[in-house]
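Both complexes below contain subunit A, partnered by subunit B and then by subunit C.
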Partner chain A sequence: MSEDVKKFLYVNRKAPYGTIYALESLEVVLIGAAFDQDVSLAFLDDGVFQLTRGQDTTGIGMKNFSPTFRALGDYDVTKLYVERESLEERGLSADDLQEIMYEDEDDDWAEKPSIRIVSRAEMADIFAEQDVVLSF
Partner chain B sequence: MAYDVNGTTVEHDEEGYITNLSDWSEDLAKVIADQEEINMTDEHWAVVNFLRDYYEEYQIAPAVRVLIKAIKKEMGPEVGNNKYMYELFPYGPAKQACKIAGLPKPTGCV
Partner chain C sequence: MATLHTVNKSPFATKALQSCLAHARDGDVILMIEDGVYGATAGTDLADVLAGHSALKIYVLEPDLQARGLDTGRLLDGVSTVDYAGFVDLAATTDRTMAWL
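Right, the complex of A and B next:
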């Protein structure tokens, strides 16, 4: 990586279906991944529903794009921060989220989890470290 | 716009990507390959099948860089490298192989 690497944070606050925000955000992340930036994703408010396991969209006629989150590791996007308070406020816990792994190139390709549950205070620190914050 | 596969028509967009992913068949793949002036060998099929599996699992057509890296991991460096992949699919492995595999155009591909 060169010196112009910037820290990009994509902030996801909306439920996966019903609006196009969640899918658009994911597409921008996949496209943006070609530019060698330091990318993180944040999931808070209803955005935490995007990562829940066992999504089934047959009743609403939309594509279930939740499996695509598991491809993010291939795109070198390996930091998915989920806010603990947002999960708790919705009666969810880490066990309700799908497993998303990446292979660590610097650690003999060991499989590691991409999802990191953080507190609201830690999330604020993560926001503060960024050069660019994109909100969806 | 449509392909003709043994008498049945399969709709495609202005760039040749099929409209309905479930219309895909191996015969259709051969028709699209003909139009792309690609003679399908076992090596071509290996890439096409790899892409179909990738799409099945992740619901996306991967970018070239990601495709080549994934193929390298799965089938080894003699297959998973730029030179070899562009020899198989001269107009771009992701673009051409996805079309033949009946997938949408890769995200971020212009």
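Right, the complex of A and C next:
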């Protein structure tokens, strides 16, 4: 990566369908992926609900955008940090989240999980490493 | 390597302030704006949310206080006010800004 690459973090703190924040965040991530920056996503508070398995929006007439997270690896967005405490507070564990994989070009295209469960303290450290933080 | 955290929601409506405080690191700056300013007032049920965070610098945006009829005398100890130019200074002197929506 060249030295003008910045670390961008998209922070997701809202549940998926009650407001437009979650969908807008994903749209901006996909647009931003064209700029070859070092992109990560953070999911905390109600944002962890965005990644749950088995979402089916046919009954509410809204687009189910949860499968789109699985396409992020194709755009070199491979770091999805999910806060463990936020999951536990909501009665969730990593098993409740959908599987999101990417192919690691530096490791013979081995399939690896994009979701990385981190503690609240680790999440604070991740925030502090960023050049740009975009909140949704 | 400090972060400026902005909080624009009342702590009585959402947990944005609480979550912000749980993720802020020593030396970080918290700026309460819009309905976030209600989090800086003394004598409320949530007044002790800020207790134990003396390693943070806490500010409120004065025009948002005034708009809501809140006098600076109502602020919790340790909370300072800034005007819009002060807001810009905070953004310019920290390494990143993070909005807790």
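The rule is short, and it goes like this: the second predicted complex is superposed on the first by the 136 of 136 C-alpha atoms of A that agree within 3 Å, B and C clash if a C-alpha of one lies under 4 Å from a C-alpha of the other, contacts with A are read in each partner's own complex, and residues count from 1 in each chain.
Here, a contact is a pair of C-beta atoms (placed from the backbone, for glycine too) under 8 Å apart; a residue touches a chain by one contact, two chains touch by 3 or more.
What you see is a predicted model, and the numbers here were worked out from it, not measured in a lab.
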Which superposed partner A:Arg120 touches (first subunit B, second subunit C, both, neither): second
Partner chain in contact with A:Asp74 - subunit B first, subunit C second, else both or neither: first
Comparing the two partners subunit B and subunit C, which touches a greater set of residues in subunit A: C
Partner chain(s) touched by A:Val133 [first = subunit B, second = subunit C, both, neither]: second
First, second, both or neither for A:Val48, with subunit B first and subunit C second: neither
Partner chain(s) touched by A:Ala34 [first = subunit B, second = subunit C, both, neither]: first
Which of subunit B and subunit C A:Ala22 touches, first, second, both or neither: neither
Common ground on subunit A, meaning residues reached by subunit C in one complex and by subunit B in the other: none
Contact footprint of subunit C on subunit A as seen in their complex: 11, 13-14, 21, 44-45, 120, 123-125, 127-128, 130-133, 135-136
Residue numbers on subunit B that touch subunit A, as the complex places them: 54, 57-60, 62-63, 65-66, 69-70, 107-108
Subunit A-facing residues of subunit C, complex: 1, 3, 15-16, 19, 22-25, 96-101
Subunit A to subunit B touching residues, read off their complex: 27, 30-31, 33-34, 63-65, 67-68, 70-71, 74-75
